[in-house]
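Order of writing sets the chain letters: A, B, C and D. Residues in each chain are counted from 1.
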Amino acid sequence: MSSVSLELVEQSELAPEDGFWVALKRDLAIAMQNKGELAQALAFMAIVVSLFPLAVGPEAQLLKRIAPGVVWVAALLAALLTLPRLFASDYQDGTLEQVLLSPYPLPVLCAGKTLAHWLTTGLPLAVLAPLFGLQYGLNGDELGVLVASLMLGTPVLSMLGAIGAALTLGVRGGSILMALLVLPLFVPVLIFGAGAVEQALSGQDTTANLSLLGAVMLAGAVLTPVAIAAALRISLD
Amino acid sequence: MNLYRYASPASFYPLAGRLWPVFAVIAALLAVYGLYEGLFVAPTDFQQGEVYRIVFIHVPAAWMGMFIYLVMAFYGVLALSFNTRLSAMMMRALAPTGMLFTFLALWTGALWGKPTWGTYWIWDGRMTSTLVLFFLYVGFIALTESIDDERRADRAGALLAIVGSVNIPIIYFSVTWWNSLHQGLTFSKSGGSKMAPDMVIAMVAMVFACWAYSIAVALVRARAIIREREPAHVWNGEAA
Amino acid sequence: MNWAEFFSMGGRGAFVWGSFGVFALGIALEVLLLRMRSRRSKEAA
Amino acid sequence: MTTAVQAAATGPLRAEGLQVTRGPRQLFSELSFGIDSGEILVLRGANGTGKTTLLRVVAGLTQPDQGSVQWCGRAWGAKDAERRSVCLYLGHAHALKEELSALQNLKLALALDGIEAGTEACAHALDACGLAGRHAVQVRRLSQGQKRRVGLARLALSEKPLWLLDEPTNALDAEGIERFSALILGHTAKGGIAAVATHLPMPFQSARELRLEGSA
């Protein structure tokens, strides 16, 4: 059997975790090119949060009570809106296939892409949340718990959302369908996240909720990349 | 290298054809017996009077809704790991029935809640989890119906069912945790211990009636799926 | 066996029969839709 | 059904009994072929006869219903890492990010392949493919032909032995096709293998053909 004279490329044994940084840098470089989308997610959240006082009235006591729920649901919807950006443009221009064909393990690449998505959506939302909190009369440490809960919770929105985004690639009516798939999965994050802030309002200890949120995030960080990779392989079959 | 050679649609089709009437008859008999026990024989509840009899369809429906979703996830694992078409067809055959039972659990729960606790909708752990489970079903059916390519639809549905089933315990825990934070009032609907023997008999009969019914419907729907997907010679052999 | 009393279900008849009725309706609807789907899939071949 | 070319060559790449169905249609079944090292196999056939699907099956993107793809005698599994370090698949789409420059795209593509290509190496490759002076411009402003040439630059820098190319020459002008021909012949001269799906005439002669009729 004639052997391949071009000896099989012994790629310097590829360190799988390098794939994480390759995917992360790639997506951040792409995201830097369209900062507009980043600002849109923040603007969307600001608008949604500002709508509620118009709907329920400016009465301070009431606004403070509903603040956790409003800010958290707005963050959820903002994250949902940015999820298509994870794979849709790569799917259209054919680069997603190249990601699937990379020698790096696909789950590691998916983890990198998901982190890049969180850095450009979830993180800014969490960092700017105090602005929205002030609108609702939250004070110092309550805002601290709000930011902490969003920092722990929004990564899970990106992870679970990535599974939905991957499953609905190229499907007609994809974005509504994706929301239908992932919103039920967001319920625990919403409960623990908004619950933590609510406990802060009533002066109760918030470590239980925040630690549960952290546990869900860690579980997600370990399990979702495999599911995202499987979903991508199914969609691009 | 199909491990499940005998579980090919061609050999499953006639088998299902013979089996489903058996389960249908079992379901009908058990249902009649269960309803008779539940509506006529079981004593009146000293607290809730007659309206508690709704439990004989509410609890089986809720259990079936949950159980069928887990069976779908099980078939999903088979479909993805062994690439067998039949397990994907069974998974999709079960989904509508599971959704129906989950809806009926919500409906009967609401009609039971009104006279007993004064409101149609009770934000307690079980009912809220059942509502989220209903959305999981809607998501599954919406996803599998909107993907044209059958194979991708099956495998996408399988993955969603698996991810969903992993999340069910987390959702159930978080909702009951949330409920305990807010009202601290948990309703124990079917307090097993204080149920009179006749009540238990009625409940068990209705649960098995729902099982038999689900199996019969799933077999018939699986046969319909096979007819829709497989070329005619696969299923046209036996007398229609 | 007093049927009138039975159907009133201690005054809660609306709720009890509302539940059992919709349950039966749901099952009947599913069986009906399934028969239609079976017939359609047989003819379409 | 389809021509089953029992290729005598026992080269490193062998496909055995491949079958793919798309919905009711069976694209091909019992399809076997082999490509010898240093050889190019051209896949011909009308649109929709499964040329692209066959390339995707070899690359591992699409799972066949039946059959296997073997490399050096060992059958590739569904998620085989070796397959992804051996195959270079370029599909219809340009696989370029419109908002990035040609240089950035080339670097990202090679990084995904695990190749740390320096800027000058990439710049040199782009020049060699006739993109001198267009390195830093956003790909969105390049012409179709120029976008295809960025793909050629990727071929030039790739070290993968198995090329799977889908319509590599469309949108290329005569000069571009000339560069492509030089690249692919250089690849096979080093013992590399290529499978090219196209219905355009190919600028090289020494290639075997596999014609896909497609089902009735």
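As a convention for this text, contacts are C-beta pairs under 8 Å (C-beta built on N, C-alpha and C of every residue); 3 or more make two chains touch, one makes a residue touch a chain.
Small disclaimer: the values here were computed from a predicted structure and weren't measured.
Top-ranked chain pair, ordered by C-beta pairs in contact, is A-D.
With respect to subunit B, maximal separation of chain centres occurs for D (centres as means of Cα atoms).
Once the centre of each chain is set as its mean CA position, subunit A and subunit C turn out to be 44 Å apart.
The distance from the centre of subunit A to the centre of subunit D, with each centre set as the mean of the Cα atoms, comes to 34 Å.
Averaged Cα coordinates give subunit A a centre that lies 32 Å from the centre of subunit B. With centres defined as mean CA coordinates, subunit D is found 59 Å away from subunit C.
Touching two or more other chains at once are residues 63 of subunit D. Annotation for subunit C: no residues touch 2 or more other chains.
Chain pairs that touch one another are A-B, A-D, B-C, B-D.
Chain contact summary for the complex, subunit D toward subunit A: residues 10-12, 36-38, 59-63, 72-73, 79, 81, 84-89, 91-100, 104, 108-109, 111-114, 159-161, 190-193.
Looking at the complex, you find that subunit B touches subunit C at residues 35, 39-40, 44, 49-51, 53-54, 57-58, 61, 96-97, 100, 103-104, 107-108, 111-112, 114-115, 213, 217, 220-221, 223-225, 227-228, 232, 236, 240.
For subunit A in complex with subunit B, the residues that touch the partner chain are 163, 167-168, 171-173, 177, 180-181, 183-185, 187-188, 191-192, 195, 199, 212, 216, 223, 227, 230-231, 234-235, 237. Across the interface of their complex, subunit B is touched by residues 22-23, 63 of subunit D.
Across the interface of their complex, subunit B is touched by residues 1, 6, 9-10, 12, 15-16, 18-20, 22-23, 26-27, 30-31, 34, 37-38, 41-42, 44-45 of subunit C.
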